[in-house]
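Have a look at these structures, which come just after this line.
Shared chain: chain A. Partners: chain B in the first complex, chain C in the second.
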Partner chain A sequence: MKESLMDILCDPLDKSDLELEVDERDDDEILEGRLIGTETGEVYPIEDGIPNLLPPDMRDD
Partner chain B sequence: MDGDPPRAGDSPRTSGDSRTSDDAPPPSDDPRATYDAIAEHFASTREYPWPEVKSFVADATDDEQATRALDLGCANGRHCELLSEHAASVVGLDVSRELLREARKRATERDFDVSLVHGDAARLPFCDETFDLAVYVATLHHLTSREARVDSLDELARVLRPGGRALVSAWSTEHSTFDETEGFDTTVDWTLPGGERVPRFYHIYDPAEFRVDLDSSELTPVDVFVSSGNCYAVVE
Partner chain C sequence: MSDEKNRKETTTRDSLAERRGVETHVYQPAEDSGLLAKAAVEHAHGRTLEVGTGSGWVAAKVAAETDADVVASDLNPHACEQAKARADELQAERKDGFDVVRADLFSPFVDGAFDTVLFNPPYLPTDPDNEWSDWMEVALSGGESGRELIDPFVDDVGRVLADGGQALLLVSSLSGYDEVVERAEDQGFDVDVVAEESYPFETLSILRLRL
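Let's look at the complex of A and B:
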């Protein structure tokens, strides 16, 4: 995902802001990392460049 | 699905039929597992945008570029590709990780830009008033409860900008596949090339019920119609 996507993403649970942590990037593309709900503390992984913003009850992990 | 000639893979049945495969298919009421299982074959049969979607996008944009467009339930991204011709940026959301991979493959092969997000249509991870154009096509009918379906319509209303427009579609009892005249829940198998059948949950809408669900949501219907066996609504 591109970092500019942060402008429109929010926590699916309460629509609060997300914080971005990057582990790996390729130019402006974030490949691995996580998005963290600033209110909920929920951790949403970015895997292979695609943020997984499924609510926790729909995730495998 | 619905209205995609030829309808490769689709094979309606009643949910009580016995299964022919020893491998337990994913439960039909979990669209994520279902579409993860059939993603590659499904994507290969979904080549062209629907004509109803093309004309909606052309009318809604009136030859002016939208700023930000959303394809809700984007599957292999065929409508993301269409939206990318009419919007400065496009976001595609789907519940199936494997379908998102197919969408990325398509975007790379055909050289269009789309931001892909893994998420749930009934609990969108987007800020209020983000999109001025959206399509929510052939996805609503996979949500198993009416509550989730209306929630997803509310979520679409929340992320649309004032004056923004969206097209919503769902499979309808008006389709020649069905004898029923009232909306109902059913299971429609997807048949993989090896013969394995993967059940998919559908809520088949009758047109009056589709209208009721729209009116129960925060969306404002502008035009509601049936075409090619699908219920459609242009909404704001």
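Let's look at the complex of A and C:
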């Protein structure tokens, strides 16, 4: 995902802001890292450039 | 499971597979995708979301052929991977990629985020006794009415649309055209048809919803 995506993403649980933590990037593409709910503390992983923003109860794979 | 139930389930599944091609995890582009892409290339503008992108084929067409800034989402992890591979390919070829997000409809998107939202929903009416529970069913089945995913889309898309925004929604005669238009009008949308094609089994329309 590109960092500019942060402008339109929010925590699916309560629509509050997300904080981005980056482990690996390639130019402006964020490959690995996580998005963290500033209110809920929920951690949403970014893997292979795809943020998984399913609420925790739907993340069963 | 009884033999009879098993047989019915197999029949349903095979007939859907026959009509829709035989990928097991991710819906591949078909007539409905082509019609949505055509309408989207003509009308999409600004920040654009494709919900339920599947293989990412429509999102890629819009990213490549318009100035829209495209985001594609899907519930299915296999679909997200295929769409992301397509996005990376497009990015490498012509610096015109798109972002892929795994999401349930609009839940991780802020209010007013998009100028255009595209959706080719799962719309085949399905007997609840004949469900087979895999990703292809999620991609095809619209529940008993055919509108199980269309209804929440119509109810919630207004929240993520910016001022002057629009949704382009594919509707099949199989899942009830009038019911979808009525629901959209009840939500306060102006509805018009921007593309339509008829096939032996169904008529497909692209509805444009504007607030």
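Assorted remarks:
Following the convention adopted for this analysis, the second predicted complex is superposed on the first by the 60 of 61 C-alpha atoms of A that agree within 3 Å, B and C clash if a C-alpha of one lies under 4 Å from a C-alpha of the other, contacts with A are read in each partner's own complex, and residues count from 1 in each chain.
Everything below uses one rule, namely that a residue touches a chain if its C-beta (ideal position, glycine included) is under 8 Å from a C-beta of that chain, and two chains touch if they have at least 3 such contacts.
In this text the structure is predicted, and so the values were computed from the model without any measurement.
In the superposed pair of complexes, A:43 makes contact with neither chain B nor chain C. With both structures placed on the common chain, the touch criterion links A:22 to neither chain B nor chain C. In the superposition on chain A, A:2 makes contact with both chain B and chain C.
Overlaid on A, the two complexes show chain B and chain C touching the same residues of chain A, namely 1-2, 5, 7-12, 15, 44, 49-55, 58. Considering their complex, residues 1-2, 5, 7-13, 15, 44, 49-55, 58 of chain A touch chain B. Of all residues in chain C, those touching chain A in their complex are 47, 71, 75, 77, 80-81, 84, 88, 91, 99-104, 107-111, 113-114. Contact residues of chain A toward chain C in the complex are 1-2, 5, 7-12, 15, 29, 44, 48-55, 58, 61.
Within the complex formed with chain A, the residues of chain B that make contact are 32, 68, 91, 95, 97, 100, 104, 115-120, 123-128, 130.
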